[in-house]
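Below are structures written as structure tokens.
In the two complexes that follow, chain A is the common piece, with chain B as its partner first and chain C second.
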Partner chain A sequence: MSRRSYNAGWSLTGWVFLILLLIFAVAPMLWMLITSFKSQFAALKYPPEFIPSNPNLEQYERLLSPKNEVGRQFLRYMANSIWVSTATTILGVAVAVPAAYAFARFRFPGRQALFFSVLFRNMFPAVVFLMPLFIMMRWMGLVNTYSSLIITYLTFGLPLSIWLLKGFYDNIPIELEQAARIDGCTRFQAFYLIVMPLSAPGIIATAIYSFITAWNEYVYALTFLNDDQKLTLPVGLQRFFTEYATNWPGLMAASFIMSVPVVVMFLILQKYFVRALTEGAVKA
Partner chain B sequence: MAQVEFQNVVKSYGAFEAVKSVSFTVEDGEFVALVGPSGCGKTTTLNLVAGLLDLTSGDIKVSGKTISDLDPKDRDIAMVFQNYALYPNKTVQQNLAFPLKMRKVPKRDIGAKVAEAARLLEITHLLDRYPRELSGGQQQRVALGRALVRDPQVFLMDEPLSNLDAKLRVQMRSELKRFHQDLSATIIYVTHDQLEAMTMADKMAVMSGGVLQQYDAPERIFEEPANTFVAGFVGSPSMNLLPATAVERDGAVYATGDGWELVLAPRNAASARASSGPGIILGARHSSLGLHDTETPGCIQARVFTVEPTGDITFVHVDVGDSTFVISVDPERRIAADQTVWIEFDQNKLHVFDAQTEKRIAPG
Partner chain C sequence: MFALISARKGRTLGGVGALLVSSAMLVAGPVSAQGSDTGVDPETWTPEYVRSIAGQTEPNTAEECSQVVPLDYSGSVDYWYVGPNEASPELEHKMYDDFWAAWEETYPNIEVNAQNLGYNDMLNKLRTAALGNAAPGVARLPILWGSEFAAKGQLSELSPEDVGYKTENFWPGAMKSVTQNNKVWGIPTNNETMAFIWNAGIFEEAGLDPEKAPDTWAEVVEYSKQINEKTGKAGYGLVARVNAGNTPFRFMPMAWGEGGGALDEASDSPSYQEVWVNNDGTRRAVQNYYDMYVRDKSVPVSALTNTQTENQDPFLANQLAMVIAHPSEYATMLDRANKATGDDKAAAMQVVDNMRYGMIPRGEDRRAVVFGGSNVHIFNPDNVDGDLDMEAAKALVCFMTGPEWSTKLAWVSSNPGNTRGFETVWMKERLDTIKFLDVSTSMLPSGIPFPPVAESPEIMNIIIPEMLQNALTEKMTVEEAAADAEKKVNALLNGM
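Let's turn to the complex of A and B:
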């Protein structure tokens, strides 16, 4: 078999596989979008309508308008989610950047052990920590506060963030900082004028990853919060639309709105993630 | 420009002493090469001057003033790194401007100084490029440019040419030398390449194992190496070293070894007598040795191991007892492996080292 047809065979298999994967990933999203344009009645029709006979934006108008009860509530959840996710992201980056830099640059006793203990958390499924963390939060009086979620999400996101950023700092030649210090920088200026910009893809990737994780998290939000006004989107939606009977188009429209930031960020993320993982080595 | 004084400089990493009580003075406007094998402490010494490392003990003075407690940014020293360390996310223009910007030089002056440095190094056409878009030689020029825009007191260079290919290295070598002459800059230049040091430097500081072995002008180091290390390190191929025992007989001094004996001329006999013991090491450069095809009085017998023609000179490797000698001969000479030959020593160029201390004993 020639090399060419060998490659062609593989490339065909690859395409088939990719298309299957795409259908698997995209079809639910598509169905969600289609349903969100239907009326409540049409959504329950059998056999289902693949193309809505009467498409309308009624659900979106209702959700995004603060004038009615539903809209107010939805926007409230959205604001809660934005607050929790943003705080998680900012704090996460603020902690991960210096931590990763320290792991990469400084030799201190117990460095290796500490680095692995940071990664240790990720060896267990998140739910394992649900009860212990709940008890700790109650003990600290943090149940039903955003802080409980932000702290939890930080401990979940930080290991990967630190590990990813450490890879970046490991690959930035120390001579760049030395050159900067000789060129007139303090240690700190050398870091933020020279090293930080070089690790920007890593920082952006970590930030987006933290944001998405916090944005989508359901189990901890469900357990730690009980005040209806404080719920984040994933929990809020679930309560909100299934209280009496499920309003499928409403739920789908809300879900779609909720996934927009995730999709947009993922589009950015995949570019930076690839860069973060492959290009880590900065060629001077 | 300035004078740099090393006073009993010591640097330890934990229990390991990388630089051991090094003292020497680089005079104003001198080009000094810090040379030695990899791991001997050259970079460490340079980083101590730059302030990137803290001294364990001793002192470094620039123009008579101690700089040991100053930050790198306050030392008015520029450095060129082996891997150039150009800022990858800045253009050439921005790389050159950075040290001036950090020193709050007015914008207008920055432009002028960058342009001047770029012109001097012939990189004006590259100013808008990023480092990754430059060849190795061009990056090296930019690195040099970034050092000289600031007009610092002292230039430090850590193996700046070692990442270039052989041809470019030779070219940059002469350009750097020219640059030093034109600016009469004080330069401390680190290299593991003794040839680079020999050809460029006013003085060489030869280091080994953290110890300064010898500090002198290249020709003096070549002609009067302080010890067997320097003798073996400087010059290519390196000096032939032959362990021997000095024996006094009938008023003459003989150097004897495994199956050979050489009567020492008076100047070398005096050296051998001054040795701390009977053990001595004879040192002879390839060019101070002659080869005879037939037995000749005053010569020692050897067997040819290999013959290396290089074009205008041929190197013959011969076995003398347990040692191997390299001798240069005219390329016309026909010599074959395994041939028996007789080596003639030019005793005026023979060195005698004390086998105990490995130090050279000056001829009497």
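Let's turn to the complex of A and C:
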């Protein structure tokens, strides 16, 4: 077999693999979208309708219209989720960036031990901390507040964020900062003007990670919040199940809407992510 | 959906004062042949009897509850419950809306911070809250859950007399589920049994009499095989998922029917100390499961991970012939059919027309079904967030456990926990408008409550399903699986 046909064979295999991967990734999303356009009965028909015979937007209209109670509640849940996830992301990045920089640049006694101790918490399943955190939150009077969730999500998200960002800072040559200091920058200016732009991909990746983690979290939101007005979307989605029945089209429509902010955020930040990767070093 | 119902204010009612409406007929009713199980006399509580007593009274809830807590009482209470949501029939939403409107009108100065939780969410949330001393003042829980909180000392003593009713007004079987160490820890709100539902269309397709349900569990195994062979569709809706309440609700009727049990809950005088999970009856039931799943392959292949929700969909899609299902199944399906459009509407109505309800089949020993329902509890003040307003809590409990609201809140899916509800005009209206209610009501005499011991959730939700899984995956033989379960139950009861 010639080298050209050998390469073509591999290329074909690669395409088949990628197409299968694409189907595997996209098909559930597509099915979710199709089901959301069906009536409750049509969603259960067998054989299933791959193209809905009587498609309708009823579920979306109900969920997104503030004119009815269902819509008001759903939109409130979405606003709650956006608030909690955004606050967690901003605070997480604000703490993780200087912490990771400190671990990367400064040498101090116990640095390694402290760094690994940050990761220690992540070695346990999150549910192990449910009870202790609940009791702590109650002592602090934070049960049934967004703060309880934001603090909890920070304790879970920060270790990995610090770990990720430290890797970025380690790869930025310290000579760039030294050159900036020689040119008259203070340490903070060197960090802000030189290191921050170079570490933008890491910061954005960390922000996306923090946001998605908070956006999807269920167990703590269910446990800490006791007021329907304060619930977040993952908990709200459970309202489509009863012990005996499930409203599949409603659940699928709600799930699809829930995925939109994350996808949009990723698409927007992806641009900066790529730009930072390709331009950051040149600018510096 | 998403119904936060926070009942806060309304207008004050004028003075009231009344005696409880007597219900001698019903008081006399719950004494019986299978009295040690449910206290429901099967000779008396026939569908005809249920219809004959309905429509005689129209109790005044405000008057009755005013004897317990004055209507101008001012206070507040937190209340958690499993209520209707987006997957529930519209009628159920309406009943709950009416309930909260009536509550606001009756007790305008008692603020209820109500949280409507999902069935799958509530237990773990409540466990965490109670351990963290942040439980709600009042909670309405499925019948199996309360014993755990009572055993942990997290509930206040609460009997019907505390809220102006008589213990005799509630099914003895239901009272057992709230009794522990000779103390009463709650009040039944509603009680129901499952029924056997089949698709007459598939029966006909398989050459079976479409109007006749299998009478025994052995016949269910035969029917399931025949249906699968003749139509290629699944015969019986077997469920065996671990840690899902649906599994014991469907397996235990078969085990009890065959003469088995988890403990001795099916005996005439249960001690809840004897372990029956490895007796002939239980093994026979596991063998039935094995025959359908492994030998005949006549049930959904996904049974090991299925709950009833996963069975409901193929049943409604005309792909599954027989299930043990809740009384609300018909109302749910009718609701969906009414919302269907175009060609779907006719198909949906066809499925509704093909639905048939019958008695749960009998085993070699008896006919049996889980005596289900819900109970309302008041938590121990030590485990409640803030100060518990006992008067506000009692007012709420009185309001929901009276004959009126225990009937109305059970409208599509259950029966009133307060047996005086059977006499009311609302009961008559239910029977006249919702099909098949009389079937599930007539199963009440065959109902057996789960053991009211703290270990019940672990036994029923974990050990029993694991026994089934061990046998159905052929990890163990039926005998080995039952012996393994017996060992686990003994270890659990002995605190190991």
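We adopt the following convention: the second predicted complex is superposed on the first by the 230 of 284 C-alpha atoms of A that agree within 3 Å, B and C clash if a C-alpha of one lies under 4 Å from a C-alpha of the other, contacts with A are read in each partner's own complex, and residues count from 1 in each chain.
Convention: a residue touches a chain if its C-beta (ideal position, glycine included) is under 8 Å from a C-beta of that chain, and two chains touch if they have at least 3 such contacts.
Everything quoted here is computed from the prediction, not taken from an experiment.
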{"item": "Contacts of A:119 with chain B and chain C, given as first, second, both or neither", "value": "neither"}
{"item": "Comparison of chain B and chain C by chain A residues contacted", "value": "C"}
{"item": "Touched partner set for A:41, first chain B, second chain C, both or neither", "value": "second"}
{"item": "Touching partner for A:69 - first (chain B), second (chain C), both, neither", "value": "second"}
{"item": "Touched partner set for A:26, first chain B, second chain C, both or neither", "value": "neither"}
{"item": "First, second, both or neither for A:197, with chain B first and chain C second", "value": "first"}
{"item": "Touching partner for A:185 - first (chain B), second (chain C), both, neither", "value": "first"}
{"item": "On chain A, the residue positions that both chain B and chain C contact, one per complex", "value": "none"}
{"item": "Chain A partner contacts - residues on chain B that touch it in the complex", "value": "47, 50-52, 71-73, 75, 77-79, 81-89, 98-99, 102-103, 131-132, 146, 150"}
{"item": "Interfacial residue positions of chain A with respect to chain C in the complex", "value": "39-42, 44-46, 53-54, 56, 69-70, 73-74, 77, 130-131, 134-135, 138, 143, 222-223, 226-229, 235-236, 238-248, 250-251"}
{"item": "Interface residues, chain C side, partner chain A - complex", "value": "1-4, 78, 82, 84-88, 113, 115-116, 118-121, 124-125, 128-129, 131-134, 136, 245-246, 308-309, 312-314, 316-319, 325-326, 328-329, 332, 336-337, 339-345, 347-348, 385, 413"}
{"item": "For the chain A and chain B complex, residues of the former touching the latter", "value": "173, 175-176, 178-186, 189, 194, 197-198, 282-284"}
